[in-house]
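A, B, C and D are the chain letters, set down in written order, and residue numbers restart from 1 in every chain.
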Amino acid sequence: MTANGQPIDKNGMAAAVAADIPHGSFVNLGIGLPTTVSNHLAADSGVTLHTENGMLGMGPEAHGDEVDPDLINAGKIPVTELPGASYFHHADSFAMMRGGHLDVCVLGAYQVSAAGDLANWHTGKPGAIPAVGGAMDLALGAKETYVMMTLLTRDGAPKLVPECSFPLTAVQCVKRVYTDLATFAITPGGVEVRALHGTSFADLKALLDVPLLDATAR
Amino acid sequence: MTANGQPIDKNGMAAAVAADIPHGSFVNLGIGLPTTVSNHLAADSGVTLHTENGMLGMGPEAHGDEVDPDLINAGKIPVTELPGASYFHHADSFAMMRGGHLDVCVLGAYQVSAAGDLANWHTGKPGAIPAVGGAMDLALGAKETYVMMTLLTRDGAPKLVPECSFPLTAVQCVKRVYTDLATFAITPGGVEVRALHGTSFADLKALLDVPLLDATAR
Amino acid sequence: MVDIVATAAEAVAGIGDGATVMVGGFGAAGQPVELIDALIEGGARELTIVNNNAGNGDLGLAALIREGRVRKVICSFPRQSDSWHFDEKYRAGEIELELVPQGNLAERIRAAGAGIGAFFTPTGFGTMLAEGKEVREIDGRQQVLEYALRADVALVKAHVADEAGNITYRKTARNFGPIMAAAAATTVIQVNEVVPIGGIDPENVVTPGIYVDRVVRVTPREGAER
Amino acid sequence: MVDIVATAAEAVAGIGDGATVMVGGFGAAGQPVELIDALIEGGARELTIVNNNAGNGDLGLAALIREGRVRKVICSFPRQSDSWHFDEKYRAGEIELELVPQGNLAERIRAAGAGIGAFFTPTGFGTMLAEGKEVREIDGRQQVLEYALRADVALVKAHVADEAGNITYRKTARNFGPIMAAAAATTVIQVNEVVPIGGIDPENVVTPGIYVDRVVRVTPREGAER
C-alpha cells in the first residue's frame, strides 16, 4: 500500500472520531482536544453529550450573556443547556459512567499500549503534582473508549507502544486510536490499522514497535 | 418497691414511646403496632415521619377523597403528605436509614435479648414463608431503635430473654423496650428498668430470666 | 436512544424464556400492571423476577406467578395477606425464593447500575440471611459482603416521559423505578403522559433518558390514578 | 432539625482545629465561598479538606489554603492553571495530598452517607492509585476495594432552601452538594433564597431536610449569579 493523502491535523482527527460515533449515542468528550469532536457532530447526529460534573444534554460553549457560572463543563468552561437536558449529582453522574451506560468516551493520551492500556493522567516526572480527575473512571466506564492523539511525541517517539512507560490510567480499555497518521482499532486479535493519512502501511510498521494488522481495505 | 398503677395497654405503650421521642426527631414507625405512636405525637412535636418506600414528611392515614394509590406507607396503607415533605427512590430511602440519619426507629418484636438482639421477622416454624422487608435495615439504621411489645406471649412466656430463640433480625441493636408491664433501657451496663406498670420490681425480676437494674428512681 | 412505542406488547417484545426481569413497584404503587399483562400475553416462561414483593391479589405480578411463568422470585417481602398465588406455588415447590433484606435489595440494584461489583453493609450480620457470606469489621461494625444485582429487562411504571426518554415519577410510586431502570440491559417504562422534549425541567428529571430504551403511554385504569 | 441562621459566621461556628471538612463545588460552580470566608475568619487550623480540587485562583478554598489552615487535601484534581496556592504549599511540603479518582471520590462520599463501609470498583485497577489496595475479580473484572469517606462538617452551596431544610440546587452547581450533605456529621448550606415550608414541590427536593443542620442565606456576589 502506498501513502494515502496527507497527515490530518487536530481538526481532521476530531472529524474522524465524530464520523465513527453511532447515531443516537451518549458520549463523554474528555477535556482538551476531545472536546473539539463536538464541532463535527451533525445537527441530526442524535448524540447526547454527558459532562461528568453532572449533566446530560450539554450544549456548545457559552458566550456573552449565555455565560452562567453554575453551568460549566468538566473543563470548567461555561457551556449551554440543550432541550431534553438533565442535571444530577456527582455520584449519580459517575454511576452513569461507571455503570457502563455511556456509549462512547473520547480521551487524549500520553501513550496507548498494544493491549489497549491507557496512560493519560500523569507524566510520572519527579516534582510533578499529580491530578487524575475523572480519567480513570472515564477510561473504564464507557462501552467504547476512543483515544485522540498525535502518533508521535514532539521528539518523534511513538505514543502507540508495546507497554506504557508512563503511569497507567487503566488497563485494556482503549478500543480505537485516532492519530494524525493513522486510525487504529485495538482488537482481541491485535492492533488493526483502519485508515492511513499520508503514510503507507509499511512506513507505519517501520515507525512503530507494535505488530500491526492491515485492515484498511475493510 | 411496690406495684405502680396498672399494666398499660397498646395505647399506653404508644403514648410512652411518643413521650420519649425528642422534639424535632426524624422517625420511622414500623408496620403494625408502632404505627399507632403517631397518634400520640403532639402537633408541636416537630417530628418528621419517614416511610422506607420513599418519603419524608408522611402525614396521617388517608380517607375518602384523600386516598391516592401512588401515596402509601410501608404497610401499603394510603397516607397523606405534609408540607415540607419529600420523595426519593428506594436506594436513597434506605441510604437515609442505613446511613444512620434517622433519630428513632420503633419496631415490634417476637423477642429481645438482654444484649439488645432483636427477633421480629420470622417465627422459624417449618413451612412458614419468610418475609423480611426492611426489618433488618431498620433495626440497625436508626440512631436509636425502640421496641414495643407485650412483655409476655399469650402463653405467658417472657419475650425479653437471655438469648433469642427466634431467628435474629439484628445483633445488639435495641436501646429501649416498651411493654405493658415495664419500660426497659438496654445499656452497656445491663438491662435497666425505667418504669413499672402494675407490677413491682421484685415481681418483674421473678418473671424474667434476665438480670435487671432498678432505674425507676432515675 | 429511546423508542416511544404505541402498545405495551411492542414495549415488552423480545423478553425471552429464562430472562431476569426487574419489576418496579412497592405493592400496587408503581407496579407496571399493563406491561406485566403484555409480558403474560407474550408467553415468556422460566422468568426470574426481582421485585419487593411476590404479587398482591390477582393482578400484575400475582397474575404472572399464577400463570406459572416465574421460576424464581428475588424479593424482600413475599408473604402478605394477599400473596396467595405465590404462597401456593412456593408451598408446591414450583417457585424458588431468594429472600433479600429490602435495603440490600435496593442497594444491590443500585450497585449494578453504578458499576459497583459488591459492597459491605452491616444489614443482615448475625442473621440467617447472611449465612455463608463474607463478613469483615469496618469502622468498628461487622459488615456483610453483598453483590450487585442486574437484570436483562426492567419494567417500570412512571408518570411523565419526554420524547428523549427523561422520566418523572409520582409520590411513593417512584420507589424502585429509578434504580431498576439503571440496572437492566433493557429498560421499558410505562407512563401516564408523554410530552415533547423540553417539557420536563432539567432540574426535575429523575431518570435521565440514557437509562430508558422503550416508553409506552398507558391510559390509566379507572380508579388507579386521580 | 434545621437552624436557619443569620450569618455565615454562625453557620460555621464550632468547626475546630483538626476537623475534616467536605467543601462542595467543582471549580467555582457550587463552591460555598462565603462559608469558607467565615471558616477562615473563625480561625480553625490543621483542617483536612475534601473537595474535587485544591483551590482555584485566590478565593474560597484557595484562600483557606493560602492562609495555611489546611493540613491535608483529599481530592481528584489539584493541579490546575490557577492552583498556585496549593502548588506552593505542596512543593514546600506543607500540605498533604490524598489523590482519589473523581468517581471513587464521589462514590466513597456517597457510601459514607448510605451506610456502606466499603465497595469494590474497577476504577483504578492496575494503576499507582490502587497500589497496596485489596483487589478481587467480580463479574469477570478486576475490582479494587475502596472505603467510605466521611467528614465532621460539610459546607455546601445550594440554590433554595425551605424552612424545613429541604434543598434545591442550580444546574451543574449541584455536583458534590447532595452527597456531601449526607456524609458529614454536621451539614451547613448557603443558599440564594429561603422559602416557607411548602415552597418546594416535594417531587423536586434534591437534599431532604434530614441531612441539613444549618442554612444561611447569602446575598449573591455581583456577577456570581444571574
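Just so it is clear, contacts are C-beta pairs under 8 Å (C-beta built on N, C-alpha and C of every residue); 3 or more make two chains touch, one makes a residue touch a chain.
The shown structure was predicted, so the numbers you read here are calculated from the model rather than taken from an experiment.
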{"item": "Set of chains whose contacts include both subunit D and subunit B", "value": "C"}
{"item": "Distance-maximising chain from subunit B - centres being C-alpha averages", "value": "A"}
{"item": "Rounded Å distance, subunit B centre to subunit C centre (Cα mean)", "value": "29"}
{"item": "Whole-Å gap separating subunit C and subunit D, where each centre is the average of the chain's CA atoms", "value": "33"}
{"item": "Inter-chain centre distance, subunit A versus subunit B - centres from mean C-alpha coordinates, in Å", "value": "55"}
{"item": "Multi-partner residues of subunit A (each touching 2 or more other chains)", "value": "55, 81, 87-88, 91, 94-95, 97-98, 141"}
{"item": "Numbers and ranges of subunit D residues touching at least 2 other chains", "value": "107, 110, 114-116, 121-123, 169-171, 202-203"}
{"item": "Overall pattern in which the protein chains touch one another (line/ring/star/complete/other)", "value": "other"}
{"item": "Pairs of chains in contact (touch as defined earlier), listed by label", "value": "A-C, A-D, B-C, B-D, C-D"}
{"item": "Subunit A residues within the subunit C interface of the complex", "value": "23-24, 26, 46, 48, 50, 55-57, 81, 83-88, 91, 94-102, 141"}
{"item": "Subunit C partner contacts - residues on subunit D that touch it in the complex", "value": "107, 111, 114-123, 138-139, 141, 143, 147-148, 168-171, 202-204"}
{"item": "Subunit D residues touching subunit B - in the complex, by the definition given at the top", "value": "1, 110, 112-116, 162-164, 166, 182, 197-198, 202-203, 205, 208-211"}
{"item": "Subunit B contact footprint on subunit C (complex, rising order)", "value": "26-30, 52, 56, 76-80, 87, 90-91, 97, 99-104, 106-107, 109-110, 121-129, 142, 169-179, 206, 223-226"}
{"item": "Subunit B residues touching subunit C - in the complex, by the definition given at the top", "value": "51-55, 68-73, 76, 81, 87-91, 93-95, 97-98, 117, 122, 127-137, 140-141, 167-171"}
